[in-house]
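We just call them A, B, C, D, E and F in the order they show up, numbering each chain from 1.
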Amino acid sequence: MQISGRNKLQATVKEVVKGEVMAKVVMDYKGNEIVAAITMDSINELGLKPGDSVAALIKATDVMVIK
Amino acid sequence: MQISGRNKLQATVKEVVKGEVMAKVVMDYKGNEIVAAITMDSINELGLKPGDSVAALIKATDVMVIK
Amino acid sequence: MQISGRNKLQATVKEVVKGEVMAKVVMDYKGNEIVAAITMDSINELGLKPGDSVAALIKATDVMVIK
Amino acid sequence: MQISGRNKLQATVKEVVKGEVMAKVVMDYKGNEIVAAITMDSINELGLKPGDSVAALIKATDVMVIK
Amino acid sequence: MQISGRNKLQATVKEVVKGEVMAKVVMDYKGNEIVAAITMDSINELGLKPGDSVAALIKATDVMVIK
Amino acid sequence: MQISGRNKLQATVKEVVKGEVMAKVVMDYKGNEIVAAITMDSINELGLKPGDSVAALIKATDVMVIK
């Protein structure tokens, strides 16, 4: 299975903050934090918790550049 | 100046591929490739070229998680 | 492998239109057309062509509602 | 009135889960679930509730492809 | 017909730049430029051209804040 | 510092509604409301409050056109 989304960063979940509809997932990627805002449904379906090995997936059209 | 976008990844531009409207910017982020699809206008305004020190900016709501 | 993105629509590729940086993928999803604009890199890496069985992946935060 | 967003799927609202800022709308499209995460303001302004006939609107640049 | 997308900015099309798959639409919104990158299909279907009265539609989750 | 995101609208914060994970920021841009849904982390880090002079930042690929 391959995904067209260009950016996949292997990371480790550090923290999951749960809201009613949305949740925040803080990941560690080589010492840098990556933050995702995803639905609570995803948190539950994937069983996301600190320590999990995951990948952050980001579509190329969602990446901006600062110079 | 601060930006609400949660993810700012310090990277180096490796390649810029120009189209008519859109361009692809390939960056190196700690040994991982990050790809951005941005407008040609941005390429020109920022003068983006290989070797540039940049940051990839990604809003938390645009990050998915794969487990 | 599970993906947090909530919407995965089983579809069949009908048409691939190639640009320099971006490409258009037209899919059939239960008689409805679904159109994706993805990078040419993705087209090449996945070898996308008409007739392919695929899934359209869409994050819940990218879905609007019209009433 | 026409909208540039390429993907419009005629669906029926099955469930609305309300948070403080965001809400989840689960829709049925020909037996498949489509999930949207939109603001509570939109829920209130459109008066979204189970049984409503709606369309899910998705911009082509927000659609990925899995093969 | 109502759309959940929170931001609808009444604007006038100033310029349309056509690519193979994507197009750039430059709009004037109260003296400020708004730029949209949409598919060529949308350009053709809506018949977008300079002088058109349009609205720029932006989902709240796609808006960042700089301070 | 320059950002590739094409749309930057100078605005004033009118209201901040806080949730657990996400927050809503309502801004005034020349008499028009602009709404952003961003993380609570951003609200806290930027110290966003009514009266603040800010800019709304929107990537061109996230702008649709209604005609």
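By our rule, a contact is a pair of C-beta atoms (placed from the backbone, for glycine too) under 8 Å apart; a residue touches a chain by one contact, two chains touch by 3 or more.
Model, not experiment: these values are computed from the prediction.
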{"item": "Most remote chain, CA-based centroid, reference being subunit A", "value": "E"}
{"item": "Geometric centre distance via CA averages, subunit F-subunit E, whole Å", "value": "18"}
{"item": "Approximate Å spacing (C-alpha centroids) for the pair subunit B, subunit C", "value": "22"}
{"item": "Chain centre separation in whole Å, for subunit F relative to subunit C (CA means)", "value": "29"}
{"item": "Numbers and ranges of subunit B residues touching at least 2 other chains", "value": "1-6, 19-20, 22, 24, 35-39, 41-42, 46, 48, 57, 59-62, 64-67"}
{"item": "In contact (per the touch rule at the top): chain pairs", "value": "A-B, A-C, A-D, A-F, B-C, B-E, B-F, C-D, C-E, D-E, D-F, E-F"}
{"item": "Residue ranges of subunit A touching subunit B (in the complex, touch as defined)", "value": "3, 5-9, 24-25, 27, 29-30, 32-38, 42, 46-48, 52-67"}
{"item": "Of subunit F, residues touching subunit D in the complex", "value": "17-20, 22-24, 35, 37, 61-62, 64-67"}
{"item": "Residues of subunit C touching subunit B in the complex", "value": "1-5, 19-22, 39, 41, 59, 61"}
{"item": "Residue numbers on subunit B that touch subunit F, as the complex places them", "value": "1-6, 36-39, 41-42, 45-46, 48, 57, 59-61"}
